[in-house]
């Protein structure tokens, strides 16, 4: 029976770590959603609201994302640094996806294109200030390609909402840009499907069908502009 | 639009009547369940607990059933006396089934056999003391054969429980009688099934499978007695 | 024995249901033909609508006859025991009859006759009993069809029809708002009435501009 | 037009399905009567089992005839198109035939004939095609029934039957374990075979004690 | 023993299913590439549609070849036993072929060729058997795509296409209404045809205004 | 482009999963053979159990080899990324190894070796990582099997075995009670441990009488 005491300890440690990660992940989700709403508010303004004000809002959003990264996600990274990749993935992936969506949304707003996987991953490498681990002077969050891809699908929902909003403010250019971008994403997802039995088949299929709906909605918007 | 005022009244009256019937039906269910528990308590006693005490309990159960009949079910009958049969059936059928189960259980306990449909229906005819309806001097609750049959299936569950209880009190005769009865019911249900696409197919199928389980359980009880 | 009597009741019940099912299937075929017939309204100019309505009457006669067979099977006061069997088809037929009434009033200009009453539908059905909720659901199916008709009337150049539809749909809406609906089928369909009304309003608004 | 041809196909298809459904319903009634008939084994002493089996044969003749009508309706090559219609009833009938074989071997003592083959079941069905999985599911239904019979044999005082059943069920178990079952219906039912076996073992165990 | 024979059957069955699955997976990849290819119609001006159709033909050749491999695996008479494996992908491919036919007729102006027949689809598939319902579901997928195309044609400035689409969709609608659909997949998809038609009507309406 | 890099990652991932699936399928076949092998314990007298255990070792060697292939595919520190693929089969193999250990201790009388540790199971698997929960589930499968063995040992006349089993199962129960289980698979299986224990107690009680 003694051996079960060891098992007890191992199970308890795992459950506790899961619990902490789930909590951190939830915080990441909440904070990231706030950033997304903030950017949306920005689009609610008239296009000519003044460059300065817009820049302020974007800068603020960027600061919040920096904070999420340097505090919450860093804590997650520390929790899992000595763990097998994937062991706790389920506990934190929903938060990470929301974070990625916010990053992508802001980046699109600033640069009009998609942020690359490498760029997002680069931001999630931390210098390690703990003396103990002298052999490795940095900490790296193990970003999953699947999370990155699923976040792209979520991003399209935000952009669709944006297209609908700006048109009622008289902006008739942006919806066409967004439509173009969404179609690229659509083609990419269709391409993924035809490379075969890709991972996370079911999730991707769901996302693809909501993506198709988003495209259709933006098409309606563009149709009414054109008429 | 005036015509909709009439529709409004008709709908409201129907909903209110449904509401009253559902409440009455619930009361019937609760009271009937109490009767069933009471009879069960009776079986919990040792077989030699004394004729008198047993008779008291059965008499009390009978009185309670009489009360349900003369008050609650009578009220239901009055509610639906001028209505189409079936219009409100869904609202009160669960209560009636529970009542029938209690009647059958008590009757089985007293006479060792199943009470007939005609006997139960006979008890649900009331003298009409309202002067207005001079052409019809009685009120009849429209008992449905389906409700009667479904209640038989429920009865087998009570008898199974009884078989398990009495054996632990040393009664080794009753389980065999009950087994015999349950098998008759089982044959009857199987026969119903083979008469073709009978009504309430799904409900009966469910009841039949729990009935089969009851039979199997009583068989186990008899098996252990025999060994 | 006790059991054999019950078994006989079940057998009779079974036979009655089979008879009902058979008539209802015929009804469904006829109602299908009615729907096909009236689906032409979206391509028919206003001047020919009267003819379209007229030529639907033989089908309605068939419905009447089939319902009369049905009445012969149902025992007195047992309408609701078997209601589930014909509920759907009756809603659809009621929808068709109220559509016909609307179209005829649109042609004749007698707007007071646009909304057919439940009694009147039941009369067209040869007096077959029509549950209030089934009649109301038929009306909600009608508003959905009319919202589509308002669009197609414009395509056909009949600019008066959408205005008639809007007035009719508004009247129905105020009627339905009087009812205390529970959370059931009727309620859900009523919610889509709001959407249909909005659509018609947009069409009339677009025409004004 | 294209669609009038399609319509004809649909009508024919519909009629074929109705014809199949009608025969299958008769089959279901007969199979129900078979099940009712064999449900008596739990109350029948061993000495009367031969008679019980014998008297089931007219019903099996009915099954054969009904399957022959069915064969007349199914176009060649379309067995699997409509398979779902008769799958269940055929599994049950196959179960009944294998139960009969087991009982007869139990009476005669010829244990080598306890397990009936698929070919033999199909022959009893007048040569009607029997899918391998349906036959196997029939066998798994049999083990469930036999586990119950092992209990009731003891009640009837037939102490030899549970031992025969245990040996038969063990044979079946090792047979099924040879198959590499996927996660499907068959697999799930096979899991209940383990449970049935355990129950028979406990009966034999209780008798030993 | 009986079971070693059963085991062999199971192994063969398993291998056959694996072989089918493997070919069907290739088919799915090709059909996915077809869908991706034709998803470009929403961004392609009318003048370039002929080219887009032309360049899809190598992919259709691949489909034909893969279906020919599939035919080699399915034993005669067992089409419907494994039908569920390729049903979906065949519906999608049939949809693609009927989309191509519509687009080509739109370019050439031969409206009589807009609707491709089942025989013609089957011929494009190298004669592979195509179930009637699968062909029809393919057509219903087409109307959904066309309702979207009617919107995008306006964006591209091709104002004639929505009118062609409306006429085609109306033709299909009347065709489908001829069929007496039961409450199954086809029926549910048919309901969405009504919705698609409505959308195309609104597009044509918006253009009129 | 941004997208093409992602697509390559997905393709590689896909290939890795296919490779894993293929090895896991082999593992499943071997584990199936192991289960069939050890299912004989219920019919094998105690004197022959040592032999039965011995002759299972070539199969365990196969498992070891297949797991070694598996290790070659999984990148370092990515065990849990693909854990779902082999979880089930590993639980079953772990169950088999702990069953073997129990049987050997029962034969040799060294009760201290009845319960094999996780490290020891992992060693038998050639050092392949074994998740704690999978090991524990394997133990719960073992207690279920042993409760059945206790019945069959009595049938075989091995009256000592049930006593050994009871002592072992009691030890396991107190062990499991130490764990703080969440409402998951482990918890549900642990609930059935109580039932198994009761069954063994009844057997031992019956023997005492």
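All chains are identified by letter, namely A, B, C, D, E and F, in their written order; residue positions are counted from 1 within each chain.
Definition applied: a contact is a pair of C-beta atoms (placed from the backbone, for glycine too) under 8 Å apart; a residue touches a chain by one contact, two chains touch by 3 or more.
Since the model is a prediction, treat every value here as computed from it, not as a measurement.
> Moving only to chains each one touches, count the minimum steps from subunit B until you reach subunit E.
Between subunit B and subunit E, the shortest chain-hopping route counts 2.
> Which chains, if any, touch subunit E and subunit F both?
Neighbours common to subunit E and subunit F are A, D.
> By the contact definition above, name the pair with the higher C-beta contact count: B-D or A-F.
More contacting C-beta pairs are found at A-F.
> Quick one: which chain's Cα centre is the longest way from subunit B's?
Of all the other chains, the one whose centre lies farthest from subunit B is A.
> To bring subunit C onto subunit D by a C-alpha fit, how many degrees must it turn, rounded to the nearest 5?
180
> From the C-alpha centres, identify the chain that is farthest from subunit F.
Looking at centroid distances, C is the chain farthest away.
> Compute the distance, rounded to whole Å, between the mean C-alpha positions of subunit A and subunit D.
For subunit A versus subunit D, the centre distance works out to 56 Å.
> Could you work out how far the Cα centre of subunit A sits from that of subunit B, in whole Å?
Each chain reduced to its C-alpha mean, subunit A and subunit B end up 60 Å apart.
> With centres defined as the mean C-alpha position, give me the subunit D-subunit E separation in Å.
42
> Please tell me the distance, in whole Å, between the geometric centres of subunit B and subunit F computed from their C-alpha atoms.
Comparing mean C-alpha positions, subunit F is 50 Å from subunit B.
> Which positions in subunit F are in touch with at least two other chains?
none
> Give me the residues of subunit A that touch two or more other chains.
Residues 191, 195-197 of subunit A touch two or more partner chains.
> What pairs of chains are touching here?
A-E, A-F, B-C, B-D, C-E, D-E, D-F
> Can you name the residues of subunit A that touch subunit F in the complex?
1, 3-5, 7-8, 10-12, 15, 84-87, 89, 114, 116-118, 145, 148-149, 184, 188, 191-192, 195-199
> Quick check: in the complex, which residue numbers of subunit F touch subunit A?
Against subunit A, subunit F makes touches at 2-3, 5-7, 9-11, 13-14, 17-18, 77-83, 115, 117-118, 132-133, 136, 171, 174-176, 178-182.
> Inside the complex, what are the residues of subunit D that reach subunit F?
Contact set of subunit D toward subunit F: 170, 173-174, 177-178, 180, 198, 201-202, 204-205, 208-209.
> Help me check something: in the complex, which residues belonging to subunit F touch subunit D?
29, 32, 35-36, 39, 42-43, 148, 151-152, 154-155, 203, 206-207, 209
> Contact residues on subunit B for subunit D in the complex?
Residues of subunit B touching subunit D: 183, 186-187, 190-191, 193-197, 216, 219-220, 222-224, 226-227.
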